[in-house]
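What follows is a short report on a single structure.
Lettered A, B, C and D in written order, each chain numbered from 1.
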């Protein structure tokens, strides 16, 4: 099973290694250390992307980081949710409305939306891993009839770390999507599950032969989730996951994101577990 | 009798840390003690057992302000053991390197450290707000000195290109020529600096110093020459220890030097060098000095700012001469064979005479090292200046008096780390 | 004239016995420094009156003639062509420089002590596109070059210099020179071993740890390798915060930053970094770009300060594998 | 990236050192006035009498801890600084004066001073990080002024300073310097030394002597093995690692290893 090819639209005519100047229009605090930026993109050059692709965002004078596209397509706005973990991500999360930001992208191969059509879909997200999966959810919900059962399993560290909470509530209420959320730690007032996301998975029944799984989260989490999916009979070619490696150019020239024979930026970030499993199992590859 | 002590934690704009204690009794300055708190770093001790080849790199670290001086005294003292002498071109390159350090160090002191005292600013950066062009000219001039150091030495601080016997790599003629344009500009800037320093207002304070400096047959001294004074001293570096001694006073991590026989203080540095070698300055430098109002001998330490400017002009002039007459040497160094023995050298650091002595084992290991930096030689003079000069200012407030004291010390451009940081200034009014 | 002597970790210039122009093998420098420069500014941005503008660096328009490009180096240029211009994205700087370069190749008349191009199928006779290719012949008093043209520009150029058609005998001699070079290669990639597969199958081999004990992770091998293309970028700004730029420079899979991810690097052990380097060169490159990433020039062997030999490392794994 | 409203306050502190590293700041002739606009130079006794007490946003600390007084003072500096950047080999590893750590300091005092009893000093010279938390280390003896400007610029802008921790060898190659060790057999510490100088020594035909201290993941034993093939004996190897960064772990261990071997044979 192969992944679907991406539609690459190099923003305007600038070389792929030069960011395009855009402006932040809105900034929302989503979790204690995560913010969502809404970036205005020149409407004359519509920005085409597929769910699961990412951009390289530049905070001028600080640096550039790979950030997944996490919003719905269209409307000349790019949505990115960023966790403040280091200098670049910190600077990005500090950008205020009307501040300039550099954008290169979109890059990479996204989620297998075409393949998932007609199938049940299990989406497993850990932490910020929900961000790159959100466009896939939007896509599914926009043509819900094309898919079978759809289920989202989402694990966060603490209740306050849950991203897009009100939106999730909305989905839960209005859409035909099964949502389970769990957190690692919570106070007494938390009514939901506590524990790792794989625990949620163990209660889920699925028809392995017509299910596609999409995973994004910390690498260890994805390994465990993939293992339980396999245990449930899912084929390694039906499990898709989004990978992270150090990334500088995002166009297959800088060499940093190699994992074995793959370039995460060019051949991924979304891969089948069939492809990644053997590579992920080699320490320090 | 009221008793009062004024304390200053750090004496600013001197490189290094030290303090000063002035004791005043019955309206008279009884004593002034320069206390050097620079934590001891024990260079002479850990040089023991090192190979002679490592010396230039190690001794450079004694002082980040005048590393070339340490390197030069060291290589000359060691070459004195090996009995080698350098080809004229290598010798000229060493002068050029020293020119770079003099320019860089003098200009830093003139513009950034000393002039603020005359113009009433806390420092050069503050002065730049009102005298932007002046400070920029100073910085540019200083940069020319650093350009020489960088080209010839690899970097401004702790150059890496000096070795016993010469250099690791000698520059191509065309590389040196790249300095020519900026040096020509620097000659004008240095001339302007001499003129400008001549217009500053100086307190009328002179003292009858015993000047000690090198004197060379033909040149204004950098690396070579006999140690002479204005009172008839004329010795080679090898006899330094016979005539001078170092004593260790409490409260200080630096040693004080004095004449062995009389115990008298003496003065090294720009004033001494200039007064003993006026005739060796280039014509341009001589003219500029006289036009700026200096005599052939200068006994007013406050005027050292003009003398430094004159020496800067000389160094620029000399650098241009070296560059123009340079021919690429066949070899970048003269090979040396380690042997047992003792060697001595004194060279002229920007702040004055810098004496080194080494005793080597037959395998080239250092058995003993002695280093006498200019600031410790001047320490006694600084104290005497203080006793004599601030007597007239005792009515001033402590703050103003403290400022006077600092200025007096700054006349010497004391490079404290090689000897010493002024941590405290105590004015004890008894 | 001068010639070179190369050993693992050693390079010496020595007096040559003949007067040939190209009587030495590949030297310390690599052509990639012109085509894929060590340091380059990618773009610059300025803020004036509150408005920011970004300006892409214009590719350098300099024209180059590379004289004396060896077969292995030609092969390396082809490999970098593939990486930097053969995919979806084209590196504009590389492309422009590459298009403005004239390649005058030389068939090697002397194999270096660390050369193994014959076993990599990249030399010593030139095989990849060139403008002109020379073979140097010394026939007693006579000293001549057999020139082969490889492009219209090359043909044009040849017309402008004094030449005559080569005789069959001369052409034969030229061939025999290259053949002799092939036979005197300093070393060889172990024959009869499927190297890509061997490495892919041995990612956990103890040899990686053994080589890590000797490896300095100094990155010299990657820097001198004519096919290594990795880069990193630094963003810079002036103190006032009004001017910004991004600079690109050669990077190496031997540095810790190379695989850094928030929370810790991926390849922390030297063993894993050496493995990345060698498996990329000899194995994964094939899947990525359709050929081996090694051209057998031997530079990584010569310029390794401790003389680690890539052919020996393969051999060591191969031996352990078979017996 | 919203314009900078408040200028950060900068202080420069000195402990046991040669002053060279802080002088590097004054050696930035082209940048110093711009720097004085970008930051408020609030405490820098080598350059100005002006002293604004209180809290500093960025403190540059030069020098090592060698006296009991300094061991107390550094805590005060830490308390008064938001970001504390240590500059130079003295501050990052103890400097050349850390050679005392391997000797008898009273003996050292006796060699240098007529009245060793006047000398108050600790028996060790230690890096700042041994005493207080440090936010960033800038290597070198002395530091490189381009790197100093980059570090200050980076702290003002909020980025990670581009001061890579890889070998000097990489800088040789970026600069196009032919390796002096391979091509001339000159002993060179570049393969185990932290980059930053721009491969200075090799560009002047000599091997690196390690003034920037150990690089990330240094493999000194492997280099030493090669250096002894090139003719260095145990004593020379022991000395080679024992200079301006003698107290940095990788160099200290390697020096001690050869010292012991020399003692044995």
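Just so it is clear, a residue touches a chain if its C-beta (ideal position, glycine included) is under 8 Å from a C-beta of that chain, and two chains touch if they have at least 3 such contacts.
Note that the structure is predicted; figures quoted are calculated from it, not measured.
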{"item": "Chain pair with more C-beta contacts, B-D versus C-D", "value": "B-D"}
{"item": "Chain whose mean Cα position lies farthest from chain A", "value": "B"}
{"item": "Rounded Å distance between chain B and chain C, as computed from the means of their C-alpha atoms", "value": "52"}
{"item": "Rounded Å distance, chain C centre to chain D centre (Cα mean)", "value": "36"}
{"item": "Cα-centroid distance, chain B relative to chain D, in whole angstrom", "value": "25"}
{"item": "Centre-of-Cα separation between chain B and chain A, whole angstrom", "value": "65"}
{"item": "Per-residue overlap in chain D, given as positions that touch at least 2 other chains", "value": "1, 157, 159"}
{"item": "Where chain C touches two or more other chains, by residue", "value": "235-237, 241, 257, 268"}
{"item": "Chain B residues counted as touching two or more neighbouring chains", "value": "none"}
{"item": "Pairwise touch network: line, ring, star, complete, or other", "value": "other"}
{"item": "Each pair of chains that touches, named by its two labels", "value": "A-C, A-D, B-D, C-D"}
{"item": "Footprint of chain D on chain A - complex, ascending", "value": "59-63, 86-88, 90-91, 94-96, 99-100"}
{"item": "Touching residues on chain D, where the partner in the complex is chain C", "value": "1, 3-4, 31, 34-35, 37-38, 149-150, 152-153, 156-157, 159, 162, 164-167, 169-170, 173-176, 178-179, 181-183, 185, 188, 190-192, 216-219, 222-223, 225-226"}
{"item": "Chain D contact footprint on chain B (complex, rising order)", "value": "10-17, 38-46, 48, 50-51, 54, 57-58, 61-65, 67, 104, 108, 112-113, 116, 122-126, 128, 132, 135-136, 139-140, 142-143, 146, 154-158, 160-161, 163, 168-169, 246-253, 255, 332, 406, 415-418, 421"}
{"item": "Touching residues on chain A, where the partner in the complex is chain C", "value": "8, 14-21, 58, 60-64, 85-86, 89, 100, 102, 244-246, 248-249, 251-256, 258, 260-261, 263, 266, 282-285"}
{"item": "Residues on chain C engaged by chain A in the complex (per definition of touch)", "value": "42-43, 45, 52-54, 56, 83-84, 87-89, 91-92, 203-204, 229-233, 235-237, 241, 244, 246, 248, 251, 253, 257-263, 266-269, 271-272, 275-276, 279-280, 283-284, 287-288"}
